[in-house]
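Right after this note come the structures.
You will see chain A twice below: alongside chain B first, and alongside chain C after that.
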Partner chain A sequence: MTSVLPFDAEAFRARFPILGQPVRDGKPLVYLDSAATTQKPVEVLDNQRDYYTTMNANVHRGIHRLAELATEHYENARVKVARFIGAPDPRSIVFTRGTTEAINLVAQSWGRAHLTPGDTVVLTAMEHHSNIVPWQLVAATTGAKLAYIPFTPEGELDLAAFERLMQGPVKLVALTHMSNVLGTINPVESIIAAAHRAGAVVLVDGAQSVPFMPIDVAAMDCDFLAFSGHKMMAPTGIGVLYAKPALLEAMPPFLGGGEMISKVTLESSTWAEIPHKFEAGTPNIAGTIGLGAAIDVYEAMDRDGARRHEEALTAYAIERLMEVDGLILRGRAARRGGAVSFSIAGVHPHDIAHFVDQDGIAVRAGHMCAQPLIRQLGETALTRASLYFYNTRADIDALVASLLRVKRFFDRAP
Partner chain B sequence: MHLDEIYQEIILDHYKHPRHFGKIPDGQAMVDEENPTCGDHIKLNAAVADGTLLDVVVECAGCAICTASSSMMAEKVIGRPVAEVRDLIARFNGMMRGGAELSDDELGDLTALKGVRKYPLRIKCCTMAWHGLDAALNQLKA
Partner chain C sequence: MPIRETIARTLDELGAFSDPLERLEFLIDQARAMPPLPDTDKTEANRVEGCMAQLWLTARFADGRCRFHSDSDSLVVKSIAGLLCSIYDDATPQEVLEFPPDFLAEAGVTSHLSANRRNALTQVWKKIRAFAEAHR
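So, the complex of A and B:
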């Protein structure tokens, strides 16, 4: 490892041109919606321009110079991703459109091949819709049942309930590593170990965790890990499915088409080697190479320092939000990331988001694609401020000042 | 902040004191709709006799815009001929989508919602109750 400079949030922030752009009548942008998507640094923006100005071509076909360059960079991104998450074998990295497609791939390919009536798929009650709906679809076609690990009022998984669920015929456990609403970091290592003891495989939704904390799939021992590039500084439309190679080898293809075949006749076809078997059609080449560029940014920075910065900022945000009368924080897990959701008595999240937007502040309002979770909290919608390494105390101060104005506005009784 | 454009006093008034609102038990609403992008939730019942809209009851778990729009709509349409109400629904929704503007005289309190047109992401909040009433009237016709 080469030595890197200690993390400096202001210097890091300066690499994101959009964060210097005024919004709403010249107000400085305060971007607190990074759990939805992060902004992109100059390194990734330049990389995208470079790709299209110097090497744009289709990959794995054609023998001309540009095809060679594009293929080399595309496959090099796969090696970078594997190294980034501690996967020993780059063949275990399948490029997808995002977390959602990665989970659908597992549900449709592994799920249809392995699930039979009477089998159980264990999920949690804090999942994003992208880790619920694909399993509902495959349960409907295979006759498998879904069961959910509940969560406590603090927003932590009920591990005793999980142990009880594992007494049944569980084939697969699929859970989020970090909740996009509650911020909770789930103890995936112990859950994976328990699931393996019971003979089940485990899929981890890393959409929120991979951008935030170092991940080592070999140590974690998950069977599948899904995540998205756009939540970690890369372009939209590129995501990753990591899977243990033996599982991928045995899985039938998900989508059919070009790129994923070995030989095609009018009667039948044989499949390419993994991971190409799962990458039908022309992939998102620019996006994949952009993901490689984003990983370069991660590897060149002080990641421990960045994470400590975000953790300290999350604690500061929670402390300051408590100054808003009537604010209820949703999610008080001991181990958590930078997604901070809340409600304010008497003000609907939509109105909160609209008001703070007038001050140039971007937050999320709604069900955050986790309706069962929101329903369990007894709400129809929440407001979420979510952080990334480029946020600073000034962003939090601006949010709290704006929320205090919102509260005053709605409190005056007409 | 240009809040006055959208969060006018009259909207806050209808938000805090919605008219013609009532609790509608599950399964007893003619229309039960959720806006999947934001979670606004409306239940609505309507009663018609002899071509006149006699009553509208709304239960709304929504933002200020959604709630105020529901409340103002109910005030505006109750007691009017169904044909007129349907015409108003079409023209109001058309206006919110960028079509012909209705006069302030005709709109009354609803004039306050014109500012919402500047915010494309909020237009749905504004038209949800109107689509709900339209669906209820369709059921009554059937």
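So, the complex of A and C:
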């Protein structure tokens, strides 16, 4: 085994060319929007160029050398993804466009096949729209009901309420591992165990957690895990659905077309083996291979050190943000990741984002695709700074200095 | 004041700023001085869609002239919508239709705005124009 150097945030940051790019009249870019999408390191950028300059071809069906190469790298990415999340069988990895498509796949395939009137799907009140709307759609067609685990003022799930919900006819529990707004890391292991005891299957939305913390689906025992490549240094347009192979085997196809069939006649078709049954059409070959390159970066780094860096930086960000008079932090869970959302009394979140953008600082403002959560907080929008391994204290200091200027501007008499 | 003069005065005022941020701060100060819309006017019917912040526009017609008033929970949005309202308030429908707000972009006033904010401006203009057309 090769030795791994201790994590060094500055050295890691230097591998992301975009972070050295000035914005807004030469001001250095301060990128604090990684929960929306992370930037890409040279390894992934080079990989994408290499793919198109040395092996671009369609996969699986070609006889020629390039098709062979592309197929080899594409399927090798599947093996890497399986290893990365501790899945024993690469056939359990289905490539999708992202987390959203992965969840829609489960809702439309597993959901339509298994949900009947009177069944309940349990979600949480802190879900991203991508883990609410697909279930609303399938509930409308199957007659299933949706129920939501509430969260406490600290931003933690109300587990007593969850236990009560599980007394009912619950077929599936679908929840986020890490909230994209509150930063909360939910106790998915105990929730999965309780759901299994009640005979329900569990889908975990890992869009925020997989990029941040080591995941072992075998130990976690989730039935489905969905995540996106673009939030973990890979290109956009590639995501993953992990599912236990037995579940995938029994699920009907989601999309029909090329690649996913075994035999087609004018009357009917039979399906390819898993996972190809769920990958209709030419896949995102470059993106998939890019995801493999991003995983190579993860596997070559000191992941524990990187995570400790992000945790320490999150604590530093929260501590420094409290220096801004009138700032209200949203989400104070004991276990949390680097999505830090807040409001400032008297200043609209969009105006905060607009003004810090003038200083070259990228943050998110709005409902962050979690309108029910934002509504429960009594807000219409929030501002969010979200961190990744390449952020440093200097980024936080720049944000706080900019926020203090914003506050001074809005506080002065008209 | 005839609309030509209003536009000329507005462009003069805004043209005095070489720094877009200072110009925005000036507009925001003006927005803060504008009276808020009463809650009874903050209705769904008065909502301007296509803007990420909440934005309302009321339009009234009296004595042959259009009266516009806007409000938003975002001061930046309020300042942009308020700029349009201040230009077209008290104008006749004919004047409104004769002077679309292209002059703002031509003068560079909107160049520092994000696409979302420019969209808010476009949506406000569409409502103002539709109102003027209905009362022409």
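By definition in this document, the second predicted complex is superposed on the first by the 413 of 414 C-alpha atoms of A that agree within 3 Å, B and C clash if a C-alpha of one lies under 4 Å from a C-alpha of the other, contacts with A are read in each partner's own complex, and residues count from 1 in each chain.
Keep in mind that, in the parts below, contacts are C-beta pairs under 8 Å (C-beta built on N, C-alpha and C of every residue); 3 or more make two chains touch, one makes a residue touch a chain.
In this text the structure is predicted, and so the values were computed from the model without any measurement.
Overlap between chain B and chain C is detected when the two structures are superposed via chain A. Look at A:K277: by the touch rule set out above, it reaches neither chain B nor chain C.
By the touch criterion stated above, A:K231 is placed in contact with neither chain B nor chain C.
Touch criterion met: A:T380 reaches chain B and chain C at once.
With both structures placed on the common chain, the touch criterion links A:K80 to neither chain B nor chain C. Common to the chain B-facing and chain C-facing surfaces of chain A are residues 348, 350-351, 354, 358, 365-366, 380-381, 409-410, 414. Note for the complex: chain B touches chain A at residues 1-3, 6-7, 9, 12-13, 16, 34, 37-41, 61-67, 119, 122, 125.
Within the complex, the chain A residues that touch chain B are 25, 348-351, 354-355, 358-359, 365-367, 371, 374, 380-381, 405, 409-410, 413-414.
By the touch criterion given at the top, residues 21, 25, 29, 32-33, 52-54, 72-77, 114, 117 of chain C touch chain A in their complex. Per the touch definition, chain A reaches chain C in the complex via residues 347-348, 350-351, 354, 357-358, 365-366, 380-381, 409-410, 414.
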